[in-house]
């Protein structure tokens, strides 16, 4: 019985990487990691042909099998929709690499962190070479892109800025950006949530792990804040440090500043050259995104302009939607990238 | 590559039924239908052993592959969670039959309708005998149950009432009930939604089919109303007739009355004997269900009491939640049913 | 010190009526009732001149002094805004009569009720003659109108239908109509509210009266339901009877039916002749009214059409707003009525 | 006809001050300002007796007549409720001074500003001496307090910090504090609002002034932001400068910094001595305040503690409510202050 429909024209290999870098990570999460590699229709018929590759990053709480989820009736999953584009010849074929960077807190934000592990390095130094060694990619940055939604969009932006030698294009859908817009309203609400837990996020965390997850309204909000704290602001021993006082909501500047260092809007000036080197940048977000990532998208585009990125490199769109059920944007961006990256 | 995790102890067979009853259905939907049959751990080792069976019905817009969706991190899908219960010996093993009754409008409500097709008959007269002929069920009503969420819960309730000769137990999670509570607030909002479509639901329907589904906030609400109209109040030619004036919201009594005939709360008195014959009835709903199905659950329980159903037959619970992300209730009910139906 | 600004051109007399009909009312509410009579600029200068009169009804929980409330900055109260229209000659002058029909439950719905008192009769048989005897009105139905917002709009509609001999025109702003749209969503929510009070509205009522009013989110909703029950469905001893089961939300048909008798949409057919006799009817409501009274307005207009009311008698408008802070609609309707009723 | 009920035991004098400091203010607002002075029951009978005085500040968009508004049924206005406390002997009598600091933008935030005028100085240098000269106050800071809600609470906090020589106690109800909590969520929403106005707040402002105020959902939000910009961050010519980019929402640090200078939480350390000199400080807020002023209250209390204010000086409470309809908190605080300030 197959995970994919009968008319699936390409193929998805479900692989496992034994990561050296994730071995002994602080949370005791697995170092053997699943990886899905999609090869497009025709891949086996043209054994000499090489393809651009796009690394696909998951959003917060996402795990690899979610890519195959049936996203409600009347829609298709990202691999199925993208495969159909290739099969119909509407976009030049590419290899897609679905990366797992899950942690016990729900995600890694694709950074190296003393709180979670070296997920940035894992992606750049282990996954990319592993794929290039086993699949017929065009193994250079001009034909390698990275894409994601939400936290995955953050990963696409920051990884491209940090490693322009590896990635020459990226797509971000409702990607984390403009941290005060994204987080402050949620911090404020979290303070109210925490009143039921004596102002202690770890009391909530113990409760959360003792029962069915996400049965309380505050669960996702508190989990996200705890997880990002683990990624961006772990203490010396790896314990997540919240960027605000859990009783008053007052920002803790020294902690909050560590979060801001990962804000793509604030990172852009220092990585202007990397950004100018990109061959293609897709940015989109929903007009009523619950994390105000539409403003994040606008601010990041603005930052690109000030960094000197040429306008025709960037494809920008705000679309009528919130933050969820927007997986249909992926195939649109992939088709656009495919045309830009085609050899 | 498997749809299921390595430690999945049972087995799911993906089968197809060629339905005679759905052939030539009004919407031109397929008459060849997928069916998943789960056999529990040990099924192949004890070739003489027979098992109770539970028929699992999907909610509105659900399709069979949704059962295998990874329901967000920190949770597992219904088959995986239930399989684990059986594997750990926490519940006596059962066969689970995952039924497809999808239509082009998103669902069939598990009724026979001139607007969609004969899905009730398909389930009772084709699926049940087909399964009994091919799997080692205990082929009697005392060991056959039916369960579902939302529209699937409706299916569980009404099918049990109509065919107590086939089903001797059921579970309904946030099942459709108390029609005025469930629908009237949505009708009122739909009237406002339809102002952008000249008050014509078919103008919206044409628009909906021309673009990515569910990108507008009104999509799910209007789709549901149109679909249920197709199921409960088709015109002579099968065209869905709305139960309200789309400009003023005034109920159309002769159409609305047809909807009310499918309200389990209103059906209960006429099917009191069937209900009294049930061996086990599980009813639950979230306290802040967006369709007020918590009130539907309370009202249905009340109707059971008035029909003379013994209190110890019924397991009732309101839990803190809305209407979505409550798939974790299924395994709880299945474990309870398993103990009640065990031979 | 005056209640009114220095440039107020007319005059408001604060009077008191000693009502015979309200004496000994069931709630022990006062039978001496305040009444404000506004006379327009020029009233004292032309001692022979007579004027049309409009009876102004308050919404639920409103009391007479509320008419003089400063409705937030950038706006003026209804008497001040209307006075300015007359002073500037933008509308022919009229007398305005501000009527009090307050009860201990917050309002009377302007009906005669064994639960609250004879407020309909008080208005028609006591207030109108009292005013005509003391002010230079044109004392006939062709020059007497009635207007109100919310419950006041209900009062305007039903009083005109019941006493077309007294009133020849009316204006309803977001007036109660289409009872199922107005009330059912609130009943459903009320059932949830009542869970904290053991399903007993009188437990809430005791709590409500023991503390500062309206400090709990459910207060207004439960008060309104209790008050309307007192008006529309009192028991033999005057005790309010809820039109729904407070635990399940199931409608109690025999009680609900008594509410429906006061639905202007349902009353219209039996009072078609009265409605056809009206000289002017103003209907408006906000497009996002929290009681769906925009649908009520549409349905009432529809009912007028079916009753044979000529289209040019009716002024209809949906405006972008909710249910509150719409007092600015009154002066617009009064100006329109003034032109229609001018002798 | 009186503004006040027959059993009103004290007296309110409606006075006018001709302000020298407001003459020629930037917005052309009146320099003749209304002032209400409440004298308690017994004031005229004991011509030698002197009383503590509390200066009462309005919230944003408030004007003096709003103090007499009938605040919905089942409640009474602040003067009426407080007068009753004095009349019943539940609190030692005080003089109350109701101050007007309205501007064309809706308020002055009680600061001196090149954008609006010298309202802080007007209050401290003109109103206070004027009252002391005409009423039998105890004319020293130990018997002079200041109180307000929302922007009025801000005025109470900052005026006390800036002029401890004038004010020796204060009460703040849901007072502006912790600026990022209060404003950032509203800035983000304002960016979305401004999309309909080309990202230009003055385009909205022109539209706002051309029609009935507050008929659009964005009106209050945009007005507040514009008004506070006029107060806190006027340009050299007095034009309000927004503290954020109206298209991307990115904070403009040099402007935002000017707002933060008026955040009571941030002002407290520099005014620790003034705060320690206070005889009584009342702080409260609703637990679900729409501007998160519950967090502002908590953070301000925290700042008081760090400034060395003795705990028994402070009365702190979070109460179950939002930001509106909380005028009933005033009499509670006034009674408490009365006991603390009684000679």
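A few remarks follow.
So that you can tell them apart, the chains are marked A, B, C and D in the order they are listed, and the count of residues begins at 1 in each.
FYI, a residue touches a chain if its C-beta (ideal position, glycine included) is under 8 Å from a C-beta of that chain, and two chains touch if they have at least 3 such contacts.
Note that the structure is a prediction, hence the values are computed from the model and not measured.
Shared contact partners of chain A and chain D do not exist in this assembly.
With angles rounded to a multiple of 5, the C-alpha fit of chain C against chain D returns 180 degrees of rotation.
Centroid to centroid, with C-alpha atoms defining each point, chain A and chain B lie 35 Å apart. Computed from the mean C-alpha positions, the centre of chain B lies at a distance of 57 Å from the centre of chain D. Rounded to a whole number, the gap between the C-alpha centres of chain B and chain C is 46 angstrom. Residue positions of chain C in touch with at least two other chains are not found. Those residues of chain B lying in contact with chain C across their complex are 178, 180-181, 184-185, 188, 191-192, 245, 247-251, 265, 287-288, 292, 294-295, 298-299, 302.
Across the complex, chain B meets chain A through its residues 1-3, 12-14, 61-63, 65-66, 68-70, 72-75, 102, 106, 212-216, 319-321, 325, 328.
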